Structure formats: structure tokens, C-alpha cells
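Consider the two complexes below, in which chain A is the common component and chain B and chain C are the respective partners.
Now for the complex of A and B:
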């Protein structure tokens, strides 16, 4: 069998019989390069799915925020920016922001400090695997279940945690959820209990990637373990921490499950974080236009704060590299 | 290795075709099972007015309906007895129960999206009936339809306890009926007579009257009982707190708690509107007037001498506090008597608890005029039909409504799980009259004197306010009241804040 080709140089293309059928056309004629539309067709199902599950609801959210949304046979009424302007005089909306920022800041601070500390302790520990498994268990619990669990643990009549807090002198006869001064901390404890392990897990993954030679070199220079952590490990786990903090930050901004089970936003609105208020407006009061406006502002602020966080926490070495620092 | 038949399917059908067929079949099965499993299915056999009763009951045999309800004893009972309904009608009914806030959200979404995934639902008067009344089907044409089976007692106001039909069935329009009374929770006073008797001597020495509670006892008496017990407890005595309020996470419970006390004093109402029908356009509210400010102060004073975990306890948790023996009195809904009298879970069982009407208004606290009454309110749950459903689905659902509100079924629930009847005829059924006295096999019947003979009768009964924005109103009222109880605002500021917020709602 003869293989014919335009090239004369390649040994494989000589007159020798290689056992293949004869190709009498150039390869480009057999497999012409696909047209652009081919790629469009390939991507179309994924784009359509994405559009259905994210883009369409997002556009609908924008639409609702500019309308008084009617139901059933009644039609929507365009109200311009009325839903937005009303938010500036809505004390629950403003208080909701304050509570959300306070809650988010406290949760993140505690979770990062405790999560990183736990990861450092667990890293290379003899019982690392079993302890990591144990620490991960709260994350596997659904938030609403976690809320119900703590609701009973905090109960002033029969709750174990209430009894412990009372025995330790932290609380009197008022349960942690029964006072406007402590209820927010009650839900913070639940969040910290459930999501600190995520920070630990991600940090632990980062710690595994810290170059051993850098650690050893630093120790040869006389550094102790604390100096090693701050000067070598911490800069190396920055990208991991950034991911962990971003994930938790965004989660906190849409956190309602456990709060609904624990307090429903009370007492006296002391735990009515903005996402809880958004839920109330949309699905208790069924004011979808107002709810849309709240949701849109929440989304925009989340994106802006997320970008700020990324800028602040960006890996310093990468930052230097990007800025063209010759020392790097 | 394996035996492969010559005509194996993969040999006769191309692989691509095989995968397409398989995928298509799986998708069809999945969608089909979802449709059949979750949605209403209807099949109809025509009947005439002259058809037999059996034919009328069975005209929708083979259909399937969904009933969304609150997790209350009648709902559990009807789920247990759903087989009886199936035998009677051939209609399969899936009873889904949940907490009231979740029921309200699910029904609301169903209604407002124009669907009828829940063709039958629980119409709790204010949280569900007031905002969604327009979405329910009008039952009036079906009540007189001769091609449908009817309850021999009928459905007029006279067959139900006073005001019950108005409470859950009529909203903003007297000619339209959207639900039949199915479940009742009426407030009355539960108090520990053993503790009152043990302390009456000391109390009398200090306050000049006996520590007793009856129909004439006022909110001032309640305050003094609680103040006395709290002081005694602080002095080291082994006594419970005297009282606790309904607060907790569900705002409606706080609204009802405030309303009872306010209405008791001169029949004070939030709005000057028809309390039984409500209105879509309420006038400016009465909040902020002299009477409301004074009563908010008294409500706060009451909170200050109540159980210290007052703000954490919703209705269910409050009942648990009472069951555990931590308080000597609660104003509670009469359906809870069964749990109080359960000796396995309650320290207040075994004849320690007595039942009385809600406290009366204190004459010296009335500044706007009007009588002092035993202000009593309720949660009357009706069973109603989704107006988005087709005519046949509505008719099939009506069969369930008739069945679920019969006197016989209510009697069975009362004697079994501990229900709370809505039909007067149940009072005449065997053993019910005797069960009002101890020893009793129907603990809820111990409350009947207080509830059915006094509480629900005018001038004591208050239903409203029925306004479309009821849920937002409850939320505002609860938040401001709790801010007042937490010393964040004064009673006057709380009342003014409520007024400014609710006046802008409508």
C-alpha cells in the first residue's frame, strides 16, 4: 500500500508500505478547521443553563426593584427609584446594615484567628487526621439544623449551654437569646462553631504547601517557631487565607438560616441582620419590589467590599511582582 | 465470558440511539413522578342533585389533593384518619404540616405565583387570612350546591362557636366566605392553685386580699401576684416566678399578648374599624393616645416582675416554662391544657392547675372610657380552598373541607389527641359535659367553661385587626414593644414609633 503526500522528506512518508490506507488528500481537507459557529453551538447549552439559573433571576431582580410588584392578575407598576429612596428612611434597613457589618466583622475575626491557630496546631500533629475529621463535623450539619440545635442548647429552661454559661457566671437567669445585649453573640457562637473548621481546613492545605527549605533556612538563621510562622508560613498561606476569608465574608452576607431558627431577628430587632430583614420583606410581607431593592444594594455592597478585601489581603509577594519591584 | 443474545438491544440499536432512549426515558420518569407525586390530580364522575350521597362523595374518586396545614392536633389527627376519607371519597390527600411561619410563606408564594400546588390550606385568621383573603375561593356557592355532599348541621354562624366563622372565614366582605372553622386556640388563664393557696396568707397580709384568681381578677391583680412571688423568690423562698409574657421569634404571638391586655381596658383597639371584618384601608391608628401609652407602661411593669427570660419565650416555650414549674401563671391558648395535664412531662399536672378566663381590665387604668372586660383573643384556623385551582379541583377540595370540619371528627380529635372543637354540637356529644370537671379524660375540656362560656362571648372577644398588612404590623408592634421592655425606648416613644410606622403602611 502506498502513502502519497506532498512532503518528500519525512521517513514515514516514503514509499514504504506502512499498512495504512492511502491518503490521497491533504489532512486539512479531511478535517477542515471548525467554523466559529461550531464553538458557539458547543457552548450554547452551558450558556443557556447559566442564563436560566443566574442571569435571568438577576435581571428579574433588577426589574422588580424598580416596580411595585403585583401578583396574580394584577400587573406590576413602575415606580422608578421609589423602592430605593424609601430605604434611606427605613430604620430597620439601616440598623440591619449596622448589625450585619458588626456580625460579619466579629465572626471573621474570631474565625480567622481560631481557625489559623487550630490549623497550625493540627499541622503535622500525630492525631491530625482524626482531629481534622472531628473538627469538620459541624460543617457537615445543615445551618438550619445547627440553629435548632443551639436553640435547644441555649434554652433558659432546659438548655445545657445555658446551664454552663450560668454556672460559669456569664449569664444570670436570662438566656443568651433572651436579651438584646447578648442575642447577637448567641448567633455569632453558632457561626463560629460551624464555620471555623472551614478556615482551619483551607489554612491547613496552605500550610502543607509552605516550602520546607524556606523554613529550614530561616531556622538556620536562628529563627524560632513563632518567627518561622510569621515570616515564612504566613506569607505563603496568604492566597489560601484570602480564599477562606472571601468565602466566609460572602456567606455571612447571606446568612439567615440559623437566625430564623434561633431568634427570627428578635428580641427587639437585635438580630435582624439585613439578610433577615430582606427575607421578612420578601416572604413575610410579600413586598417583592422593596425586597428587590434591598437585595440589589446588598449584592452591590458585597461585591464592592469583596473587591476591597481582595486588594487588602492580596499576596504581598505577588503585589510586589506586579508593581515591578526590583527587589522581588 | 457472558452470554450475549443475538438480538441484544445494543446490537439492534446504535449506541447513540440507545443512550438517547435511555436518557429520555429516565428524564420522562423523573418529571412524571414529580408531577404525579407533588401535584394535584383530578378525575371526575358527573353527579346530579338527585344522585345518592355516596355518589356525591365519590364523584372525584381517583383524584389527589394536597393539604398544607399548621402542625396542630387536628392536622395530626386528620392525617391519621386520612384513610377514612379515602374510603369515603376515593380521593388521596397528602397532609403536609409545618410551623405557622413556614405555612404562611409557602401558601403565600403559591397564591401569588398564580399556582395551586396547595389546593387546600390552613387559614389562620390574621397571619394567613388577612393578607391572602382575595386568593381563596368563595365557598358560598358550594355551600348550597346540591351536587355536593353537605354537612347535615349546616354552616351558618349558629352551628359554630360565637365569632369563629367571622374570625377565619370573613375578611373585608360579609358576603364572601373563604374558610370553615377547623381548629381553635382561644386564650385563657392557667394558674397554679397549689402555689396560690400556699402563699395566700402572706399575700393577704401584705396586699389586703386573698391570692385567688377568678373571672373578676384584673391585670392589676396579676401584676401584684407576680410582684409578690418575685420578691419572695429574691428573698430565698422556693417559689416560682408569678408570670411570663408571650414574646419570642414569631411576632404575632407578641401582638396577641399585647392586644389582650389593651382590649381589656375600655375595649381599646389599634384602629377604629369593624373588628370582625377588618378593612383594606384603615384610618390613622390609635397608637400614641393616652390610653395606649399608659397601658404600654403597665405592660412593661408586668414584664419587669415576670420570668427573667421573658423575651426569649414564644408561645410554645412559655408553655414549657409553665410545665417545668418555673412560673405560677400564664395566659395561654386552651389547646395547651392537654400538655399541662400530662403527668409525664408537666410539673403542673395532677390538679395543680386551674383554668379561668383572661384577666379583666383594671378600672383605674381606663382613661379613654369604655368598660373593663376579660379581653380574650384567639387563633382560629380555618380550612380554605385555593382560588387559583380549577373548578373541579375546588369542588374536590370542598369535599375535604366538609369532612375536616364535621362534629364527629372534632369529637374524635378531642377524645384522642386533644383537639379544640369549633362546632357547638361537640359539647353535646357523649362524655364532653362531664369532662369539664376533674377527673377528666379530655383535659382540654377543663378550659371550656373559661373559653366557651366567657372568653369568646362579646364584649370580651377581640378578633382583629384584620388588615392586609397584618404581618408587617405584627412585626413592627413586636419589635417596638420589645425595645420598650428592654429599656431602649420609653412607653411613649414605643407607642409613637408604632403609630408612625403603621400609619405609613397603608
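Now for the complex of A and C:
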């Protein structure tokens, strides 16, 4: 076998500078490795686009949060940290945080437990394909439509769910959205209905990748199916589950469409989660400066909580399981 | 411990892939049995059926006096070493070894003692804090063996447990495993495609080919009295050579005709072949029972040297006679080289005779 360098086969390549580095190339490399600048050129358009569509609005958000934003002919007035300092005395803001955290914690717990359980039951079951297709449906419904759908299902005079909850003794005369005690659970049910399938799907994808030989080894070691799940399956699907949890956690902090359709924050602020309040401040009362401050705090806390979540849930060894060693 | 039997066991993977055909085998309590055969012959499948990891298409698998066909692996009280280790990547080596004991709810200090003991035996005690992906192939394999021996099960199942070790470590692990098995007295089924492992370790060897059990006997019997021509050529290194011959008679005595040559038979062999009454035979000779010479000797066969390989202490000479090739050992001083005409010599009492039609041995 003869080894030819590219300069022998393609003389044109070495004559011009194509942005490829041609020095120190092993003779066997037909295509020389591109230089670093080559990658920069390739990425430049994407970076520019990203700057325009995300970084510019983000900087604008910061600008707004330090100003009293004017409309029409009135110009913006710089107010320093006033927008922020006023938040500490804003009870709706503080209550909004409490409601948001409660809502998110309950939604996530239910979705993870139910979602994973469903995935385990579905995995390799006879009706897996058709059931997965059915489960996909709630996710495909637009959140605002989901909100409207449940608005009717919860209706105190003709809603099916209202009737069911009432028959089970959970509800009195008022509908679930009508009482400050139950409205939050009303919106939680919608989120669970719509997004548990996402956890199920991601977990199911993870379960498909659990190595059969580890399951078999564990069975030979004396494990039953429950131990097999906690001992082998769960550690193996953990990286997938972590991603699903993060996705849902961030969505809970952002998606308010269904809530707006269902309650709009009521009754008596009982479902006015922070993002709902943010919406009201910015787009009902058009206080864009304060809205910017709220948005910025929400963003920072989301990032911090997200990082903490990753830290707490991620065990360094599990990261390796994700990177995948085909031998194991 | 427990005796293990296969009774008319078939394994059909569907779509016509029959991996094991009518397997009948009785493994005695405490016996070390080796499943030997070429790749794809159904060794792992048989072992996995014993473990309960593979459904049995038909037949029965019996532990002691209990049919275990329907028992899940956890209720069979077995330990198994897998071909590809099957360690848990998310657990440390210590936790990998401890897993069978944890499943059996052994107290913590007892677990620590047993894991340390096993790790010392396998020389992996310095790796206990690591994870499988930080180990070499050989270290992984030893961990897998360790996981099998921390518990004292009824049956050990080994699927090529030392195939990935280096030659020296393999030799040591052979004697360690054999010693361990003897000491614990646990019934053991050991899958291998390495006949040296089978011959040196096993009390009895089950030779398989193409899903069919060919012979189940002691290593010595398998080597000295192969049940058929396939076992004869498979067992032994280098294997037996086969020549197609016909019965004939020379001056009233029975003889073998081989092309234009005839070979006189000793009385014992002649009587044996007369009793069998077969005309077409496969005649086998082990390389160390055949010799080559440049000068013609009485009862020798004329041939030509096909290849010559130095084995160290002696030379393996392969000669061509018609369309057959026969291997013979010769002294390093042997002068012939490829293409040299020479003579193949053997004593007829050292020959093996098989029916050319079904390959079965002609009984003594």
C-alpha cells in the first residue's frame, strides 16, 4: 500500500491558503485538519444572529430595569435601583415567589413520580406504541388551548371534572378555580396533565438504553424487579431524568399561558405566580421599568436555582454513565 | 450443593435459529464441567438457560430434584460471570462486589469482610474505590469473578471468565478458580472455547458443535477416545489429521487402501474393523503419533511436504497425500522443506477409525 499526501493528489490545495493549516500534517491525512480561524468563520453568522435576537433584548431588559420607561413623546428617566428596592415592599411580588415555588415543587414532584412510573409500566408493554402516541397528544395542544379546555372541564355547572371532584368529596359548591384554597391545584392539574408525558417520553428513551447485561447480572445477584429498577435502571436513566427535570423546572418559571386562560391570577391573587404578576405589571399596567426589574430577578433566581438543582442531583459518577462506556 | 441436569432441552430463538438441540446432560453435585465448542455453537445459550436468563423452548432443567424451568434467576441461587463483565458503571468496585451480598441482606461488617477477602484473592484490593470504567479489561474481568465468588451459591456459571487476561494471569487464574471450586465444592459450569482451559480444569468436558452435544466425558476420554471425527479434530493442539481410506485385503490380510498405497493393519485393529464391517473410513492420526522420513520405511506412505512450522522443541510438518493433509511432529534436525518428497509413517495401532458416513467412531 502506498500512502499519498494530499499535496500529491491535489496540488491545487497546497498552492492556495484555504484557511486549512498545512504544516505538521501526518502523511496519511488526506484532509488536513482545519485551522482554528476556520471554525470562527463558520460560527460567525450564527453568533451574529444570536447577538441580535438574544443579547440585544437582554441588554435592553437591563436598561429598562434601571429606568422609568416613558411612552410616546415622554422620554425614559434613569431611576437607579429604585425599581429593585421597591420590590422588597411589594407583597404581591413576595407572595408571587412563594406561589411560584410551591407550584413548581408540586408540579415537578408529581410529574417525576407519575412520569417515571408510567414509563416503567409502558416500557416493552404490548401497547407501548399506541399508548405513547396517545400520551403525546396533551403536549401537542397549545397551552392556551389546554387552559381553555380545562376551564370548561372545571366549570361549576357543566364541567366533567368538577362533577368528578365533587362526587369524590374534594369540592364543595364552588368550582375548583373559584376558591382560593383550591385554585392553585386547579392549575397544577393542568400542568401535570400536559407535561407528565414529556417526563414519560424522556424516561422511556432512557429505559431503552439501560444495558440488558447489567439487568441480568443484577437478577443473577439475587434481585427482583423492584431492586432491578432502583439498582440498575434508575442510575442508568438518571442523566436523562435530570435533563427532563431541568426542562420542566425552567418551563414552570416561564409558561403562564394556561394560567392566564384559567384564572388570570385570581381568585384573590391565589394563583398570581410571579410570572403572572410580571405579565400584569408590564402589560396590564405598562410599568415596563418595574417589569424589567421583576424579570431580571426572576431570571437570576432561575439560573441560580437551576445550577443548584444540577449540583444537588448530579453525582459526578453519573456524568460518566451519560458519556457512555460501551464496555459497561 | 446441587446436581444439575438438562433433559431434552431445545432452544429456538425463532426465525429458524435453533441454538441448542436436544441437550441431555447430567452434571453431578460438586462437579466442574466445561462446555467446549467453537464460536456460535450454543455454549452461552446453554449457560443462560441454566441461569434462567433465557426461556427454554422445550425440555426441562433440573436442579437437584426440582424442575426450575419457571424459576427466575434470583430464586435459583446461582452466581454467574458474564462474557462482557456486565459490571455496574455507577457503582464503585467495592459496591459491585457487595451487590450480591446486599441483595441477600447480609450484615454490613460481614459484607466488608467477604468483599475484602475476594478482592485480595483477585488482587484488586487497591481498586475498590474506583469505578469500572477506570479499570483495564483484565481488572474488570477479575471484578466480575469477584462478584460471583463473594457469595456461596449452589451453582457457579462462568462464561469465558478469563478470556481477556494475559497468558500468565490466565494460567494463574486457572489454578485459582480450580482451587476455589475444589475448596467450596460448588457445582460449576464453565464455558470456554479454549480447549487448554477445558482440559486442565474440568472434571468432565461437554463438547458442543452447532447446538448439538457431541461428547460428554472426562478430559482424558475426550482426548483419547473421541466419540466422532469432529471431536477428534477439534480437541488436541494441533488437532488430529483425517484421511479417507477404504478397506481392502492384501495377500488375504485386511489392509487399508489409500490411493494407490496400502497399509497393513495390526491384528487388533483388523478385528475391530472386521466387526464394524464398514468399507469407507475416516482414519485419524495425532501429529505426535506420526512421523516423516526422507528415506522410505516399511508400511510408509509416499507424500510431499506442504508446510513446515517450528514449534520450539520440535517441528510440525504438514504433508500432502492426494487431497488429504496430515500433520506430523519431527525432530528439529529433520532436513525436508516445502516441496520435498518424503514418507509418512505411523503404527496402525495408533490410528483412530471413524465411519466415513456419519463420522462416528468405530468402537474398540
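Quick notes on this structure:
As a convention for this text, the second predicted complex is superposed on the first by the 271 of 328 C-alpha atoms of A that agree within 3 Å, B and C clash if a C-alpha of one lies under 4 Å from a C-alpha of the other, contacts with A are read in each partner's own complex, and residues count from 1 in each chain.
Here is the rule we go by: a contact is a pair of C-beta atoms (placed from the backbone, for glycine too) under 8 Å apart; a residue touches a chain by one contact, two chains touch by 3 or more.
A quick note: this is a predicted structure, and the numbers were derived from the prediction, not measured.
Of the two partner chains placed around the shared chain by superposition, chain C is the only one that A:219 touches, whereas chain B remains out of contact. When the shared chain is aligned, chain B comes close enough to touch A:158, but chain C does not. In the superposition on chain A, contact is made by A:173 with chain B only, not with chain C. Applying the stated contact rule after C-alpha superposition, one finds that A:235 touches chain C and leaves chain B untouched. Residues of chain A touching chain C in their complex: 211, 213-214, 216-224, 227, 231-232, 235-236, 238, 317-318, 320-321, 325, 327-328.
Partner chain B is touched in their complex by these residues of chain A: 71-72, 92, 155-158, 172-175, 177-180, 260, 262-269, 272, 280, 283-287. Listing the residues of chain C that touch chain A in their complex gives 51-53, 72-74, 78-80, 82, 84-91, 99-100, 103-104, 131-133, 137, 140, 147, 151, 157. Touching chain A in their complex are the following residues of chain B: 101, 104-105, 108-109, 111-114, 131, 135, 247-251, 307-313, 317, 320-321, 324, 326, 388, 469, 471-472, 475, 478-479, 482-483, 485-486, 488.
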